[in-house]
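Everything below concerns the one structure shown next.
Chain naming follows the written order as A, B, C, D, E and F, and within any one chain the residues start at number 1.
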Amino acid sequence: MPRRTIEEFRREREEGQARLTAHNHLGLNRFLRLDSAAYEDGALPGKTKELLGLTASTVLRCNDCIDYHLEGCVKAGYTKDQIIDALNVALVVGGSIVIPHLRHAAQSLDELLAEQR
Amino acid sequence: MPRRTIEEFRREREEGQARLTAHNHLGLNRFLRLDSAAYEDGALPGKTKELLGLTASTVLRCNDCIDYHLEGCVKAGYTKDQIIDALNVALVVGGSIVIPHLRHAAQSLDELLAEQR
Amino acid sequence: MPRRTIEEFRREREEGQARLTAHNHLGLNRFLRLDSAAYEDGALPGKTKELLGLTASTVLRCNDCIDYHLEGCVKAGYTKDQIIDALNVALVVGGSIVIPHLRHAAQSLDELLAEQR
Amino acid sequence: MPRRTIEEFRREREEGQARLTAHNHLGLNRFLRLDSAAYEDGALPGKTKELLGLTASTVLRCNDCIDYHLEGCVKAGYTKDQIIDALNVALVVGGSIVIPHLRHAAQSLDELLAEQR
Amino acid sequence: MPRRTIEEFRREREEGQARLTAHNHLGLNRFLRLDSAAYEDGALPGKTKELLGLTASTVLRCNDCIDYHLEGCVKAGYTKDQIIDALNVALVVGGSIVIPHLRHAAQSLDELLAEQR
Amino acid sequence: MPRRTIEEFRREREEGQARLTAHNHLGLNRFLRLDSAAYEDGALPGKTKELLGLTASTVLRCNDCIDYHLEGCVKAGYTKDQIIDALNVALVVGGSIVIPHLRHAAQSLDELLAEQR
């Protein structure tokens, strides 16, 4: 069972979001917009909030959410060491149950950084 | 990594349940019966409780449990719009961390509705 | 340490919500409105969604959220037996870790029903 | 807000369980019996399973469940050091979010051991 | 049942931590040091990681952990608006089940800011 | 989508851990050592703590962590019936949401026991 790549995640996510918004459920579509808006510049810069999203996703142990925010963090210009330092906070808060998600994140991070070069 | 279909889920679930009950652990087998019984008609109709099971499974973020109760909800006669409305409650209660499971559920729901036609 | 009554919960909740909305954070205030809207009549009746909210709150083990939706369920006209039947679904899905919250809910339910008489 | 003592927990729990069983919900009452039965001697000694219950309750962060199993562990004859060693497994698995529950458990454990003398 | 103040939380936490370290469990004491170290300056500034700790604590819904990191965030110099903006990320990720903890956090934040004046 | 075997899990885990430690993040590497140390003989035998790790992993619903501790439990000499008895505690504590992970665990356990013969 080969690992889902970042590229596959992007395609699946895009299709899935299209499928969700196609239902035209007013509340659901408003939630999706509220979700995007939460990471835009506000009292805190969007860049900082992307890192908050990554940490929250990691302690809640959701690989899709981790990949989504990892991509945002790489785009925002965080270095590999800075991202690992954020993941370490998630590890300490969330415990060893988080480790399989760190293994996933470490591989996604390598793929994302390879794309940038 | 193609998505597991509803048909594959059914087969895997059936095999897995058989494997579990084969252990003849009295407590475990009693739990499995108690689990089935919880969705039968009682003070509330079974149909309503199937929807409760779907919402609980969604906020707890378990795709297998979501698929199991989605199938029950479709069999019980809920429309697509009603099921999406229930999933929206789960989204508001459980937050954006639930979204990947909504993407999964939306595709399962389409497969289940296609089977009915 | 006497148990917080439903009456105290209502007062604390009202003060707390006022404190939250007073920050005038656009996203936060939109979320609070989206939360209320999720339980209004839609493809599913609001009454059904109140029960979904109760079950979701119970498996996620939040006493304040349980009390909030218990009040909604009693107002919507569910009987004691129907509410217990919904809580039983939450117990089976969520396991014995939910039991302390059922004890809390059972006492809140008695207070809410006593108010109605 | 003084801490709830073990003695108060016992009284509240007893009243709450009586209130729950009084509803005569067949499924709920069966679940309560299944819960007790899970900690009786079986393929594993009940003593070992009490420790499993403590660890599970700690990583799921439920103080009432922790106190219930701490009492069982003390009755079963585990020493203070052994119980702390089990709680350390829960800390490593569950992370720093578990620490407030360890503070609670440490005080409950002292109360329970003081009763034995 | 009056709310536990920040001052009471500090006293209880200090006593509890002393009680935990007094057990001289090597692993447990090492974990407590690792926990402190995670928020010191590293690849990311400690100030940023304090905000990560607050968000992680909020989505995992632990009031003691929220208060601990709120205090750290206020000491680190974040403004009220910035802290609310971080809590909004936690709300969107974690959903309405987080709201009772936002009410708690908003009151703690007011107490902490009042101390600074 | 064929199930990941125990053999594949071992390979993926080894590669992932190597990738994580290669970052040379002091805190992260210390956590990984603390994690291993928690299951060594102490006030409780390592064998008992392996079973605590399995139960904690099951109620927290992490298949990778379940497989890791199942392997430890089989190596430590627990019988199939004893392991199922521990998983039953996890089922009662964690509820039906745990069942898909029991199906996974039952198959992993059969693979691990087949290796021993």
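The rule we apply is simple: a contact is a pair of C-beta atoms (placed from the backbone, for glycine too) under 8 Å apart; a residue touches a chain by one contact, two chains touch by 3 or more.
The model shown is predicted, which means the values in this text are computed figures rather than measured ones.
When the interfaces E-F and C-E are ranked by C-beta pairs in contact, the top one is C-E. Taking shared numbers over all numbers used, the chain B to chain D interface scores over half, which places it in the same class. When the contact pairs of A-F are matched by residue number against A-B, A-E or A-C, over half are shared only with A-B. The distance from the centre of chain D to the centre of chain F, each centre being the mean of the chain's C-alpha atoms, comes to 23 Å.
With centres defined as mean CA coordinates, chain D is found 26 Å away from chain C. Averaging C-alpha coordinates per chain places the centre of chain C 36 Å away from that of chain F.
In chain F, the residues that reach two or more other chains under the touch definition are 1, 3, 27, 31, 34-35, 38, 42, 56-57, 59-60, 65, 81, 84-85, 88, 91-94, 96-97.
By the touch rule above, chain C contacts chain B in their complex via residues 34-35, 38-39, 42-44, 48-49, 51-53, 55-57, 59-60, 65, 79, 81-82, 84-86, 88-90, 92-94. Contacts from chain A toward chain D in the complex involve residues 59, 91-98.
Remark: chain A residues 27, 30-31, 34, 37-38, 42 touch chain C in the complex.
Residue ranges on chain E touching chain C, taken from their complex, read 1, 3, 61, 80-81, 84-85, 87-88, 91-92, 96-97, 99-100, 102-104, 106-107, 110. Chain A meets chain B in the complex at residues 1-4, 8, 12-13, 16-17, 19-20, 23, 25, 27-28, 31-32, 35, 56-57, 60, 62, 64-65.
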